[in-house]
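Each structure below is given as structure tokens.
Note that chain A is present in both complexes that follow, paired respectively with chain B and with chain C.
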Partner chain A sequence: MTQILPSIVDGLLIGFVYGVAAMGLTLIWGVMRVINLGHGATMALGMFCTYLLFAHFALNPYLGMVAVVILSLLFGVIIYGVALQRVIQAGYLSTLLATFAVNMIIIGLGTWVFTTSPRNIDFSAGSITIGPVILQGTRLLAALAAVVITGALYLFLHFTRPGKAIRAVSNNRAAAELMGIPSSYVLALAFGLGTMLAAVAGGLTSTFFPFTILSGSTYQLKSFVICVLGGLGNPLGALLGGLFLGGLEGIIPTFMPVSWVPVVEFVLFVLVLVVKPTGLLGSK
Partner chain B sequence: MHNWRQPGFWVSFLLVFLGGLVVLVLRQDTLRETAFTILMFVGLAASLNILMGYTGYVNFGHIVFFGLGGYFGFFLVSELGWPLYVAALGGGVLSAIIAYLIGCAVLRLRGAYFALATIGVNEAARAFVSNFEPFGGATGLYVNFSAYERYGGAGQALWLTFILLWLVALAVVVVSYLVKRSRFGLGLSAIREDEDTAMVMGVNAPMDKTKAFLISAFFPGLIGTLYFFKNGNVEPDDAFRFQMSLEVLVMVMLGGKGLLLGPILGAFAYERLRGYLIVSPIFKNLHLALSGGILLLIVLFVPGGGVGWFRDRFPRLRRWLE
Partner chain C sequence: MKFWKYYPVILLVVLGLLLPGAASSASAAEKTITIGFTASQTGSLNVEAIRQINGLNLWVEHVNKAGGIKLKDGTVIKIATKFYDDESNKDRVQELYTRLINNDKADFLISPYSSPLADAAAVIAQQYKKIMITTGAASDSTYKKGFTLVYQAYTPASRYLTGSIDLLQKLDPKAKKVAVIYSNDKFSTDVVTAMKKYAEGKGLQVPMFEGYDPATTDFAPFINKIPAGVDAVMGGGHFTDTTTLARQLYEKKVPAKMISLLVAPPEPKFAELGEACICVTGSSQWEPLCKYSPEAAKKEGIEWFGPTIPEFVKAYEAKFNKQEPSYHSAGGYAAGLILQKAIESAGSIDTAKVAAAMDKENMYTFYGHIKFNTAPKLHGLQEGHEMVYIQWQKGKNGKPEKVAVWPAAASTGKAILCKR
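Moving on, here comes the complex of A and B:
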């Protein structure tokens, strides 16, 4: 018991970050019906951006996150313009392959520039001890950041004009266009936001785990599982799914080898798809 | 059987047939190795095309069937001492069964969900095999040399594997053609164009998709067994290389999806290109980015691939470029 509690708490804190990553994926899906297969690579870019700022300019990783937010938003909009705009109406096969090609390009260039040797950000934010549980500062801050970002996203989507436009396009693109919403800009913005969430999640993860340019694919897979758990297209579901998966990852290693985690996650994924494809929360 | 007079089929068939025949006549070991890799990718790309090209469902985990079937076949040859032919069939059948089970579960769903599942299946299969003791866990299996003795020593065994692979590649071409020309294949095209309409018209979409998936998974299992038998060992990282799934995908897109000749030429062109890039000092570290670039350009500007582009440009050639 003394072993399980700390690992669950640890898992839940990481789960917040998983949730942010999955929110990015689910937002893009909800608005434009595109599954962004460049998601993991974007996360890896977020990690490296935070790392480079920390290593070369000694910038506090949490301050560095501001730079990550701006750069990744721009990056997402550019990716949309270059790789997606042309095929956005062409169906799954084209958009999947297009985002996939982006993924290959990022990973290929990243491997060339950064090699695949592992990096880590040597940053400590102390720790708090509550009974048997030791909370590491970096994870606590990451979870806090995740909550703040979720809140900000909620406010943005519900109380600003661009946010409302995104929700309108997500509901019904044709109707939104008839109401005078420039859907092409809105889609670019939504893709930028999704990319930003991925990059920020990557940046937060980089403060507590070592990473390489290839690390993104593991998290991408987790994001898929989380999105399906919470229902694709449902941001709140994504956060809850993230917490669920994080908690699960905390529990599993206490009774079976860690290397089984991907198998369990995948079985869960298929089970949810088969039994309740709209996700455990059952949106729409 | 007027179907057999279609020149398009014979172009594809003879291309693979003559390619293999030349290697058998020349009997050079280096040429055989190059041809082995090319034929392997021809087989993998053409079998992926049965699902992806005909049905329009992207499978990012095609290599799972290569890995799992290969592992199983290798296990049969090396640990249980089964003859290679039977073991390769065993690998193929296992792949087909797994595809059937996955298909029953996931193919009831539409395109995007299926694609997600196929990405997951690769990681799950690798993790499973790495932890599965009968398959040697993370270190994999090594061939028992007596297995080569049976076929007259290692040198003879390599030639035998090559001939078998050649026959498998030919079989993939024939099966692809038969599927495409059949009522079943028409159903698949209908699903690709509009699944709802197809179902209204009486196509049993879930069943047909599952069948296409099963056929498409059978061949990688065969090819995997032959490949790992040739290499003499099999290990998880070698069997479930996600990058290889991607390369096969790029090959199909490069040649032209949904066409018979497309994946064959795509596999050949991509293999030659990669062979060139790997030895070139500038590009050797960039070949993933470059394949990504090629894929993006094809998706955006030439969705029909190379052969598809020729078909559009020169309608008279359509008879020949099936």
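Moving on, here comes the complex of A and C:
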């Protein structure tokens, strides 16, 4: 028990951040039917944005998250306008290739500017000891930030006009347009929000793990697994899927070598695809 | 009068006789050799690799400034270098070393940093019959492949952490359990496998022995698995992952009495961890605190070659903005010295003659004792050089301070047990 409890808690705390990242991916899919292969690269940009603000302007990484939110939202809208708008009607393959191209451009430019040398935000938020569990401050703050962001997203989508417009376009784009909703703007906003969630998840991850411009690919893969677990297109499912995956990553190593974690994760991934392709919570 | 009339003619004849000879003797007197290597200027190994190149480049500068390597026949060998960034990527190494040999016509090779990369490069060196000095590469297995032209500057991995076991038993004779968390790359696996065998031979138990992927950033699953009652945590891998492991061991308040990790602790940059680095010990190939000297070498009846430790440290700090040289820097410089000595002894730059001189090399440098195993099955394995163990302790100003703690003969302070 002294091993299991700390492992589960650690896993769940990370799971919140996984959940935020997966929510970005699932939001874009749910509204636009686009599989965003630039998701991991965007996460890496979030990491670097937080790092640069911390290293060069001594900005607290959690305050820096405000800048990450604004910049990544703008970045997402621009990427939509430049790379996706013209191919959004052209089918899955075209949008898949467009986002893959964005991914390669970000990684190429990022490698040129930042190199692939690891960076680290040397920020400590202390730790709290509760019985056998030692809660690292950075992980705890990241989990809290993830909860706040999820709450804010929920309020935005359900209680604001642009949020309701996103949901309307997600349900039926043609009907939404007939009601006077400018779907193109709404899609741009949705892609911006998805990008923002990825960047914020990256920024939060950078407060406790070292990273490079290539680090996003690991989290992108996890995001896909989470989306399938929670149901592609379901933001709440993504958050719960993140917690489930995090918990799993925490608990598996207590029974078997850590190297077995991806094996179990992907066996589960295949099982869900085979047995319940709509995900554990079902997709919208 | 008549003589002076013919003076210009005589002068031309004399010059005509002398100049070709002078020209030919000048061309025989000076040659430039190219030393090829790849350097991980980017990627996860860049911290150690850049220091290694700094050391090597300093050696090149010193040799050329001193007029080159002087051979017995009067020939002077100047050094030129050619290198590429391997991005810390093993797959790039073989392609780049082939290019160094075929396109850039490198005469001698220095390995990239790290055992996996050096191992990949060694295959190419042997295949193209080029001498390679490996530095920053401690894995034993490279030298068990029957290579005849690959020579190791570092103490082999099998002797890397065994001193930590001795130190643990000296500090706490009642110590019983050691947990090992290690990067599952070639070098780290070699080190901890040898260390585990040594620890068990000394009566210690190793209840946890688990490898992690070198790209791991989250060590919580490993740390949470450390069994209760463990006296020491040992292992790690290279700078980036080991630094993260040390940081997370501190944040998780792991109550081990001793934490001994690979590669990162001797690096001056490790002190940036602040409190998290206090009490962490590590093995080092070399430290500025070491006591190697021409006098000590003379007592052992072994030849001294190259600068002394203070001379090297002073020159390095002057060139690299007062940055203290790490063992990676010293290893880079030492690789150059090993090659220089062999070329001088051989009196030639011919590969076979230099290799024969290398086989006979037995010398002390600022970096320590250098002697290679020449048995066919272990050819090129370093057998002269010894490790030094350091520990980060709180200095008088409260800042982390590096202290040499083991072996006793080389120590500059007493080792302490961790209190976390």
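By definition in this document, the second predicted complex is superposed on the first by the 282 of 284 C-alpha atoms of A that agree within 3 Å, B and C clash if a C-alpha of one lies under 4 Å from a C-alpha of the other, contacts with A are read in each partner's own complex, and residues count from 1 in each chain.
One rule holds for everything that comes next: a residue touches a chain if its C-beta (ideal position, glycine included) is under 8 Å from a C-beta of that chain, and two chains touch if they have at least 3 such contacts.
Please read all numbers here as calculations on a predicted model, not as lab measurements.
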item: Room on chain A for both chain B and chain C (clash or fit); value: fit
item: First, second, both or neither for A:S7, with chain B first and chain C second; value: second
item: Chain B or chain C, by number of chain A residues touched; value: B
item: First, second, both or neither for A:L236, with chain B first and chain C second; value: neither
item: Inter-centroid angle chain B-chain A-chain C after superposition on A [Cα, multiple of 10°]; value: 70
item: Chain B versus chain C as contact partner of A:V270, first or second or both or neither; value: first
item: First, second, both or neither for A:E249, with chain B first and chain C second; value: second
item: Contacts of A:T116 with chain B and chain C, given as first, second, both or neither; value: second
item: Which of chain B and chain C A:S259 touches, first, second, both or neither; value: both
item: Which of chain B and chain C A:V147 touches, first, second, both or neither; value: neither
item: Chain B versus chain C as contact partner of A:L52, first or second or both or neither; value: neither
item: Overlay on chain A, chain C to chain B nearest C-alpha distance, Å; value: 7
item: Footprint overlap on chain A, where chain B in one structure and chain C in the other make contact; value: 111, 218, 257, 259, 261
item: Complex contacts: residues of chain A adjacent to chain B; value: 29, 33, 35, 37, 83, 86-87, 90-94, 96-98, 100-109, 111-112, 217-218, 220-221, 224-225, 228, 257, 259-263, 265-267, 269-270, 273-274, 277
item: Of all residues in chain B, those that touch chain A in their complex; value: 52, 56, 58, 60, 102, 105-106, 108-109, 111-113, 115-117, 119-121, 123-124, 126-128, 130-131, 242, 246, 249, 253, 285-293, 295-296, 299-300, 303
item: Complex contact set, residues of chain A against chain C; value: 2-3, 6-7, 10-11, 14, 111, 115-118, 120, 122, 124, 127, 129, 134, 136, 209-212, 215, 218, 249-250, 252-254, 257-259, 261
item: In the complex, chain C residues that touch chain A; value: 41-44, 46, 87-88, 184, 210-213, 215, 217-218, 220-222, 224-225, 228, 240, 243-244, 251-253, 272
